[in-house]
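Data block below; observations after.
Naming follows writing order (A, B, C and D), and every chain is counted from residue 1.
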Amino acid sequence: MSDVKRVVLAYSGGLDTSVILKWLQDEYKCEVVTFTADLGQGEELEPARAKALKAGIKPEHIFIDDLREEFVRDFVFPMFRANTVYEGEYLLGTSIARPLIAKRLIEIVKATGADTISHGATGKGNDQVRFELGAYALMPNVKVIAPWREWDLNSREKLMAYAEANGISVDMKHKNGGAPYSMDANLLHISFEGRHLEDPKNEAEETMWRWSVSPEAAPDQAEYLDLEFEHGDLVAINGTRMKAHELLAKLNELGGKHGIGRLDLVENRYVGMKSRGCYETPGGTILLKAHRGIESITLDREVAHLKDDLMPRYAQMIYAGYWWSPERIALQTLIDHTQENVTGFVRVKLYKGAVSVVARDSKYSLFDQNIASFDDDGGAYNQADAGGFIKLNALRMRIAANAKAKRGG
Amino acid sequence: MSDVKRVVLAYSGGLDTSVILKWLQDEYKCEVVTFTADLGQGEELEPARAKALKAGIKPEHIFIDDLREEFVRDFVFPMFRANTVYEGEYLLGTSIARPLIAKRLIEIVKATGADTISHGATGKGNDQVRFELGAYALMPNVKVIAPWREWDLNSREKLMAYAEANGISVDMKHKNGGAPYSMDANLLHISFEGRHLEDPKNEAEETMWRWSVSPEAAPDQAEYLDLEFEHGDLVAINGTRMKAHELLAKLNELGGKHGIGRLDLVENRYVGMKSRGCYETPGGTILLKAHRGIESITLDREVAHLKDDLMPRYAQMIYAGYWWSPERIALQTLIDHTQENVTGFVRVKLYKGAVSVVARDSKYSLFDQNIASFDDDGGAYNQADAGGFIKLNALRMRIAANAKAKRGG
Amino acid sequence: MSDVKRVVLAYSGGLDTSVILKWLQDEYKCEVVTFTADLGQGEELEPARAKALKAGIKPEHIFIDDLREEFVRDFVFPMFRANTVYEGEYLLGTSIARPLIAKRLIEIVKATGADTISHGATGKGNDQVRFELGAYALMPNVKVIAPWREWDLNSREKLMAYAEANGISVDMKHKNGGAPYSMDANLLHISFEGRHLEDPKNEAEETMWRWSVSPEAAPDQAEYLDLEFEHGDLVAINGTRMKAHELLAKLNELGGKHGIGRLDLVENRYVGMKSRGCYETPGGTILLKAHRGIESITLDREVAHLKDDLMPRYAQMIYAGYWWSPERIALQTLIDHTQENVTGFVRVKLYKGAVSVVARDSKYSLFDQNIASFDDDGGAYNQADAGGFIKLNALRMRIAANAKAKRGG
Amino acid sequence: MSDVKRVVLAYSGGLDTSVILKWLQDEYKCEVVTFTADLGQGEELEPARAKALKAGIKPEHIFIDDLREEFVRDFVFPMFRANTVYEGEYLLGTSIARPLIAKRLIEIVKATGADTISHGATGKGNDQVRFELGAYALMPNVKVIAPWREWDLNSREKLMAYAEANGISVDMKHKNGGAPYSMDANLLHISFEGRHLEDPKNEAEETMWRWSVSPEAAPDQAEYLDLEFEHGDLVAINGTRMKAHELLAKLNELGGKHGIGRLDLVENRYVGMKSRGCYETPGGTILLKAHRGIESITLDREVAHLKDDLMPRYAQMIYAGYWWSPERIALQTLIDHTQENVTGFVRVKLYKGAVSVVARDSKYSLFDQNIASFDDDGGAYNQADAGGFIKLNALRMRIAANAKAKRGG
């Protein structure tokens, strides 16, 4: 245990990571560097600095970084180019943030001459895997300390006792039993797990949801948005170009207002068990629908089908923490290539929890009104060709049926 | 042309197929058998009998069949076992009805000693392919007459002129320019194509929709449904067991009431062009969501992922008309096998156009509350195991990063 | 460590498992049951009984089972129905034997009231995974002791010292440095790893190979075999029906005589590193080629392509030890379904290391000589249909090229 | 028919395309441009010029192009980067040449102000599809004349009668009944179809084969080759760097000498029937094996598996004529990306029809001798990690087995 010199801790400033900070100092007799990321989770980060200083961290070893633009531009948007959905429903809001945190942890390890990372993810979840696979891929000999897999503070009570014994302030919320759910938030989503939700036949309580009004409480008036895409990425809302993270924040605001993007799910964790989670992904839900809309007129059929066939695999890679793997990067190369002409305009309608595409247009459109028309197309398409098309596609089945008949089958 | 003796026509009794009936008699000098199917499209079928009789069809050559139960039980439900969606959105309402019509056409060909089938699908669409691939697979040497690919009545005007010249009654609707959309309906959906929709940047008019109220007009009160599944198929709603087609009709009624299941889409036809369609699939939309819900607790992770990986291919087969192909049947074998334990209960909430799963339970549940719990699980899961799991999964990436570092990369 | 009562050990009677036997008795103070399987590895098994007795195992706790027929019939043949090859080359000879051993270990655990299994596989290889995944799938709460992951006898020297200290006889081979390779054999193959082979740029020595003559030494006269298949499985050679394991033994004999089935490979282990192995699979190499031959005339094109697309995934499952997983069983259902008509005759030619299919025939043949013919086919196929087939298949590419031209692209 | 002005004909100078040339002039009253490609088929091309001149083609309308380097560099090598094999066996020697011919036909159409292409492929084969799909993709409004689908010269006798009536010289071979097989050759392979081969239970005659000696007649001495790869492409043989087409020609010479690369196959044509073909691909057979060899040490496991999973689909695209499609190009992007580090050395052994990899090395090797070793690795790999790896991978199966046991299953 004694060979750890300096450890970079993914530090939120909350109770758990504050206890971990102290525990690392005591247990490993090592220097701790704290890293706190702004991913748009909507919390004040400066208090984390004060707490870190109080815990004895050197000022130059406290990193508080605004990663919002990098997060949306380099992680969220590339993922949405693939219309990525895990197990048919989950938009991967937590999964996609982890590789960025892993990347930044390693950058700070290198910048501060550290040799180890640490995080507050438990031994039962996916996040430990995502953090550590990322870290190992980027720095193969980094050491990892995952306190939840090591220590004996394996209950809320022991954790609070440790905190109090070590002068770590415990706020009223925790004294009163802690949050009713385990939550995680960033610009893409907020998630809820645990407690009441641990029985998948319990309906989530209305009071749980944070980012979206209930559809019942949403405006009685539908709202239309004009979304512009370039090369598969959203670039403007209602004619206003913004940075990636501003666009997503705007979609969250609008989606939340209309009660869009709630999801209640039982999912399969990479570590082997099923788990129940609830998610609010207002902006992402709109973005997915709109991206499919712009692809529907700009993407070749077989390219679209190839993407659809590969998407679940790509989603699984991200879910399981393989963002920094060579196979994810290889698939991304293909996905990005397909987005060259995914440029144009989509109009969506938001209303009471639902988002629908109502119109789409593009200068790269492959929609040929003339050929698709029910009316005479002036010879652009020869209907008689369809007879040969069908005959040849049927041939193998006809030969088989004839062969069977000859056998008396 | 003269070698056609007796032709079985898929006959709706409407203008188009009435003209086809007459045209077949004139052009091919052949006897015509009419087949009219009740797939739950919600139209009176007996008028078709009167029209057929008037057109000189022998009474014993007029087939009007109620196929609703067979349709839902043997076609719709098997398809939903795979969570089937084409191009990310389309629930295949039209596609799944065609193989049943093809099957019945061939049965009637054999029963009446006919040698040929005919249908009213155009030469630009998918339905011609679906009818004919099915027919050829089931009776390899059947002859096919597709009038829209052959004749010169290739405009609405010519068709009506032919009708009037031949004493076929043309109702006011057609005289006034015909339906504003090309529609197709059965128990799974109603579809709209053509006219105003031919430009994908035109929003569909609210007056177009038939089966669902607009979400805006839906009840302000959410409604919960308890759905029971056995082996992947819905068997009861709110505790009442019904036949397959009754269940789907009930879901349509409830979904339609809550504005659920509208879709506006540009899709890729099998014959090569893009086309814009609007669909109402109220019951199917609920069913898909609920089926994923029951699978989420009863299906093994890797089996679920295998199904997800294969689903787009399965959907493509059905969309393109390959229901009766050996590859669809092979995939169905796998899909049906996986449904053995997909039995249990799902509660869904319907509100203003949205359907959500809020609870699920099953005696075959693979959800282990003990292991998934954030609290102590009494040793059911050893968190330390996760360290080894991650280390070995990272190994290949660590070796690669080390090799790269050695090369100075 | 003390909670192990009775352990079933996969016991070969060799040095390693003899040491393990003793170590288990000493370390865990538990009763040991030995299990020795005849998988056609070509070694005497009765000496294992004498050694076990000498080590104090009760006679009723010594299991020596002839599993040859079960191995080939229920494991090897089902795998060959899929034309299974891992990473383009490896026929999975070791991988496919492990699930049967796992199954039998668990049967003996249950029959003897034991609670634990143990095996001699190292902590770096795939076999530990295959044994243990199988065991856990079949008996979820079984305990596993993998001595190589636990003990400190982690070198050849320590192992021999322990053996000598505990009265375990060490034969001359081991005293002289042990086998030059780590070998594993069963009816499907013999494998070689380690030592000289650990550098992938060293050519394997000619003296290493055991089952096959070098192609150079093979007969100068080619030999033809007539193979008969039923439902995808080999049933007869040169007109003689035999049991599954006799057929494979016969193919091994004939293949070995002609120098067939040698392979020198670097493969990717499931535990994360690359490893170099050499394999002799004479009978399997012939069987794979012949099975593809009979499928080539009896399988529908799209079914064959579906199988080809899924095969690498199926191979990966078997390689990684997931034979008893629900996803392997689901895939097997599909594979077995496709073999219904894979019945018929294949003639292969064996010569100097190569096997070629030279003729095939089946009453289920889908080869239609009339249609395939270059000569006039009497109207069975209308060449003009091909024009329409091509036109419609080209349509999406033509629309795209036209759209690009319009954009001036 | 009269709207064809100038047609570019893929012209070999042989009987069939000479008749087509004349027939085009007569039937379409159009000007003909001839295009003859050197793809390494090993025939004199200048006689084609003389014949074209004699047929009245303007000298500037006679194109005889040496495409050998472009063929191997831009078509064959990219295809081999994917280890491409159709239906488990066929190396696509004919398929891969067609898109280059299509490309050159269209270039000549544009250069000569023509509007139409023509070719001598029959209406039953794949080549018509490959030529025409390529042409349409590259020039969407090009006209195509496929005489075999149009004319009534549908037998050898009629063809020869037409030739003689029109002063086209018919050589002795054709007078004596023509070639016993339909053949096609280029630098990648020579193929044989038809006649004696049309019955798949007839063994091919030894006299048929052209490029390879029979294994029986091959040298009694094995020959070793050292092959060097860069980014997935062969660049040198035995230390000598050569152009792509020279490398393949050299491999053909060496492979042919050792009887390598013969294949006898029943394959599934894209137009729907099965067909029997025999192929000699000496160089390609060596190249495939060697490319897998260099990938085995330089490619990440999951990238290699992704490639293996996609390969059959990629092969199918090429076989069916979709080289110029956007989906093939998208897949190629991924494939090429993976080849970045596929650089290094492979030693193969050629002997009596068989090629084996015996050694491989690369500065990009991911083979870590230390970790793979059976001996102590000095802590590079912690064997105890494997226990956790297995436990978590088994978890879902254990939960399922426990749930089943609880149900009494």
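Convention: a residue touches a chain if its C-beta (ideal position, glycine included) is under 8 Å from a C-beta of that chain, and two chains touch if they have at least 3 such contacts.
Chain identities (UniProt): A, B, C, D = Argininosuccinate synthase.
Every value quoted in this text rests on a predicted model; they were computed, and no experiment measured them.
K.L.:
Which one, A-D, B-D or A-B, has the same contacts as B-C for more than half of its contact pairs?
P.N.:
Repeat of the B-C interface: A-D.
K.L.:
Sort out for me whether C-D or A-C is joined by the greater number of C-beta contact pairs.
P.N.:
Greater number of contacting C-beta pairs: C-D.
K.L.:
Rounded to the nearest whole Å, what is the centre-to-centre distance of chain A (Argininosuccinate synthase) and chain D (Argininosuccinate synthase), using the mean of the C-alpha atoms as each centre?
P.N.:
Each chain reduced to its C-alpha mean, chain A (Argininosuccinate synthase) and chain D (Argininosuccinate synthase) end up 42 Å apart.
K.L.:
Compute the distance, rounded to whole Å, between the mean C-alpha positions of chain A (Argininosuccinate synthase) and chain C (Argininosuccinate synthase).
P.N.:
One centre to the other, that is 40 Å.
K.L.:
Find the geometric centre of each of chain C (Argininosuccinate synthase) and chain D (Argininosuccinate synthase) from their Cα atoms only, then give the gap between the two centres in Å, rounded to an integer.
P.N.:
Spacing between the chain centres: roughly 31 Å.
K.L.:
Please list all residues of chain B (Argininosuccinate synthase) that touch 2 or more other chains.
P.N.:
Residues 268, 271-273, 300-302, 305, 313, 325-326, 365-366, 368, 371, 381, 384-387, 389, 392-397, 399-400, 402.
K.L.:
Taking the touch rule as given, give the residues of chain A (Argininosuccinate synthase) at its contact with chain B (Argininosuccinate synthase) in the complex, in rising order.
P.N.:
Chain A (Argininosuccinate synthase) reaches chain B (Argininosuccinate synthase) through residues 83, 87-89, 122-124, 128-129, 132-133, 136-141, 146, 148-150, 154-156, 182, 193-195, 198-204, 215-216, 220, 222, 262-268, 271-276, 292-293, 296-297, 301, 304-305, 308-309, 312-313, 316, 324-326, 345, 347, 351-354, 356-361, 365-369, 371-376, 381, 383-387, 389-391, 393-394, 397-402, 405.
K.L.:
Applying the document's contact rule, which stretches of chain C (Argininosuccinate synthase) touch chain B (Argininosuccinate synthase) when the two form their complex?
P.N.:
Going through chain C (Argininosuccinate synthase), the ones touching chain B (Argininosuccinate synthase) are 268, 271-273, 300, 302-303, 305-306, 313, 322, 325-327, 329-331, 333-334, 337-338, 392-396, 399.
K.L.:
Would you pull the chain A (Argininosuccinate synthase) residues touching chain C (Argininosuccinate synthase) in the complex into a rising list?
P.N.:
For chain A (Argininosuccinate synthase) paired with chain C (Argininosuccinate synthase), touching residues are 300-302, 363-366, 368, 371, 381-382, 384-389, 391-393, 395-397, 399-400, 402-403, 407.
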